[in-house]
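Each of the next two complexes has chain A plus one other chain: chain B in the first, chain C in the second.
Moving on, here comes the complex of A and B:
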């Protein structure tokens, strides 16, 4: 996976999710919880992974632990960590 | 209106399994099937007193101490299986080098046989079988009988998108061995360039170690399931096509084509996802999801010609395929194989890959007849090129096309939706609480994949509690 700055990661994630789930930019606060704040369900969680894989052109699911990523911030951390380990 | 706790739509391997599992949870269950008999894909048919299999010949891991045997036990079904004999297992006739590769049983035998046939590929052969073993070992549902997995582990993603083609290209230098090892993609309908290596392991590679048939054919499995369904008080509705699923508060209301209606708390669909979204309320998925499902490719279809052998002696083969090295690169698009039953008189099937596009098959009667004749000629010319002794001994009794498939299963492609490594997986849940999916589209095609999908849903139920 190509290295990106945290800022770039956040932008890529937000753009992809806003488009896929028809979210509003102002909803994309780091502490926003996928389920209670963004209104996604477990089916959307799967789609989210797929959409992000397309956006980052990378596999995000290897070793992906269901249930550990609850907020946008968790997601940014996860992707940043994947990039650093790549 | 009759009310059930759970209604299962479709009585194939996944529907039968799901209906048993829900009834085992003490639920009042109904099982609905559009065809006039249970599991049309597994029940087969008879012509001139000879039984023909429809959608099942053999499967890996059905033994007592393997995943399939464990699933049978969990369901409480008594479906007798028998290991395929080494000498009556698959044969690939390698057209370019004019050699018959007899596919053995047992990974070690495979390795030895391949080493003998392809001595320059020894390193790759080892690498390939190591990768197969790693992948199978790391897949909880293929090891469900080992019991040491926690329920949630069954839901961890395996999403390595590496394709079978990529793996074979990495392991091997020559196309003939790649062609031989990717032929099994015809048994699950996703070609080597689109199939993930993982899918290949779930559907094809599980047959290296063991391959099984049902004693008496796949209808033995159906009958064994039927016994348990009857014992558990499941109501079975045949010739009952579901035309519409609607919502009445938390209840799902199913309308059949005869106008009858059923209500349920849980509705489990085992039908083709493209058919499901036609009859389900639009809120089943987000629009983007609906579009994805609509755009997912269908697996190729089969033209099958059924015959009875006039030869008083048995052909001691179970399957015979003619393989060119070039088949690997063209994704086995011209794949053709012959399947022999084990009883005398022998039932023989000639299956050729054909287009499964519904539009392709929307044609007037005489054109349909002509198309079938052309396909017969094509098969005949291939068989006669390599094995004229087989063709001249056949008494042809029946044919099936993707249209026949549509009549009996409500889809055209042999294995329903394609599982391309680029496409999003079909999930067991929908946006509608209490409306679930099982079936070959969810996990993988084949008896095992279909059954596992129903077990995963059952585990999800267990987890929610």
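Moving on, here comes the complex of A and C:
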């Protein structure tokens, strides 16, 4: 996985999710919960992994911790951690 | 049976190769317009000689909420728009939860299957999104429309190839007539893919003669016809019991009074005049009518050499040479699962206008089809009772009888 700055990770995640789920940029607050704030559901959660794998060109789903990610900030942290451990 | 319900049509919605909206159908047909176009994708397919199709131009479907739209291929997008229009025309803001849905297609989304298969074959199935699963299911339009319009009643997705929409409307009619349901949304929907044309070309039944003058390619009953022009779209009808319609003071577009259906077993591909005639007789019996009660026939006639002759001869033998007959596939080609309902919608509009379009591109009637009363100019006529035919590859025949209310 190619190393990125925190800001680059945030931009890549947000761009991918805004496009896939037709979200508005102002909705992309770090504390936003995928389900209660962004209106996504369990099918979207599966598709989100696919979209992010394509955006980061890396496998993300093998890690069981994916299920613990509930907010955008959780997601940024998770991806940053994966990069640091790569 | 004294306790049977009368069944009326109270809503109509269409997405056709003429565009979004039912009003475009009869209007363009009465202006003798064709939606058939040259298709460069077909021309680029090696050894394929049919280069024409009748497709829906780009429509912006972003008005459909994403959570519903994500699992829709084109056929469900068309169905959503047609159902929305049908409900609006029926003055139904939100359908009753018990409303039944009868909706099918000939096959599920071919484009989605092609894309999915390519990923599967190349070992990339894990890049396929969940929404694809809901687009390749055979019941995809039924599922998508039930979810989007919150229809909690019975859902039936009959798929009888080119007779799909008339099968669904016929079953809805029987359901309301018997009292099992009181209101239904019914029809058929399909999306075009070049493989459709390839399928008919394999059977030597795709139009090839007029590639450079595409608007002339679909020409039912004409001596120079040479096959089907494949198309797409969706036609949706709202049916309800007369009691229900009167109670809510609904506009009534027509009354369905008879339905007949049977299956050709002499051939999986060729309908016979005997079986077609029997099907029309079944519809007449169901309506408690005799042939002389019918004053218009809207034929299935797809512009194939064999099919048009069998239907013309069946109609001629049963109704004689006086009753007016047209086929609307000269205008819009064969819209597959949508053909029965789209053509029915056009006929209902023409019934109201008291003016019927002729079969487009009928220049010289095939002598083998000359036993029926085909016409070449718009016909100003007050039709009271007409029969709508739909026949399918595989053998399903359907005939529906509709009366002015």
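Here, the second predicted complex is superposed on the first by the 83 of 86 C-alpha atoms of A that agree within 3 Å, B and C clash if a C-alpha of one lies under 4 Å from a C-alpha of the other, contacts with A are read in each partner's own complex, and residues count from 1 in each chain.
Basically, contacts are C-beta pairs under 8 Å (C-beta built on N, C-alpha and C of every residue); 3 or more make two chains touch, one makes a residue touch a chain.
Being a predicted model, the structure only gives us computed values, none of them experimental.
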| item | value |
| --- | --- |
| Chain C versus chain B on the shared chain A, clash or fit after superposition | clash |
| Contact breadth on chain A, by residue count: chain C or chain B | B |
| When the two complexes are fitted on chain A, the stretch of chain C hitting chain B, from 153-161, 207-215, 297-305 or 315-323 | 153-161 |
| Residues of chain A contacting chain B in one complex and chain C in the other | 21, 41, 43, 46-47, 50, 53 |
| Residues of chain B defined as touching chain A within the complex | 152, 155-161, 285-286, 288-289, 424-425, 427, 429-431 |
| Interfacial residue positions of chain C with respect to chain A in the complex | 66-67, 70, 126-131 |
| In the complex, chain A residues that touch chain B | 20-21, 41-44, 46-47, 49-50, 53, 59, 61-62, 64-66 |
| Chain A residues touching chain C - in the complex, by the definition given at the top | 21-22, 39, 41, 43, 46-47, 50-51, 53-54 |
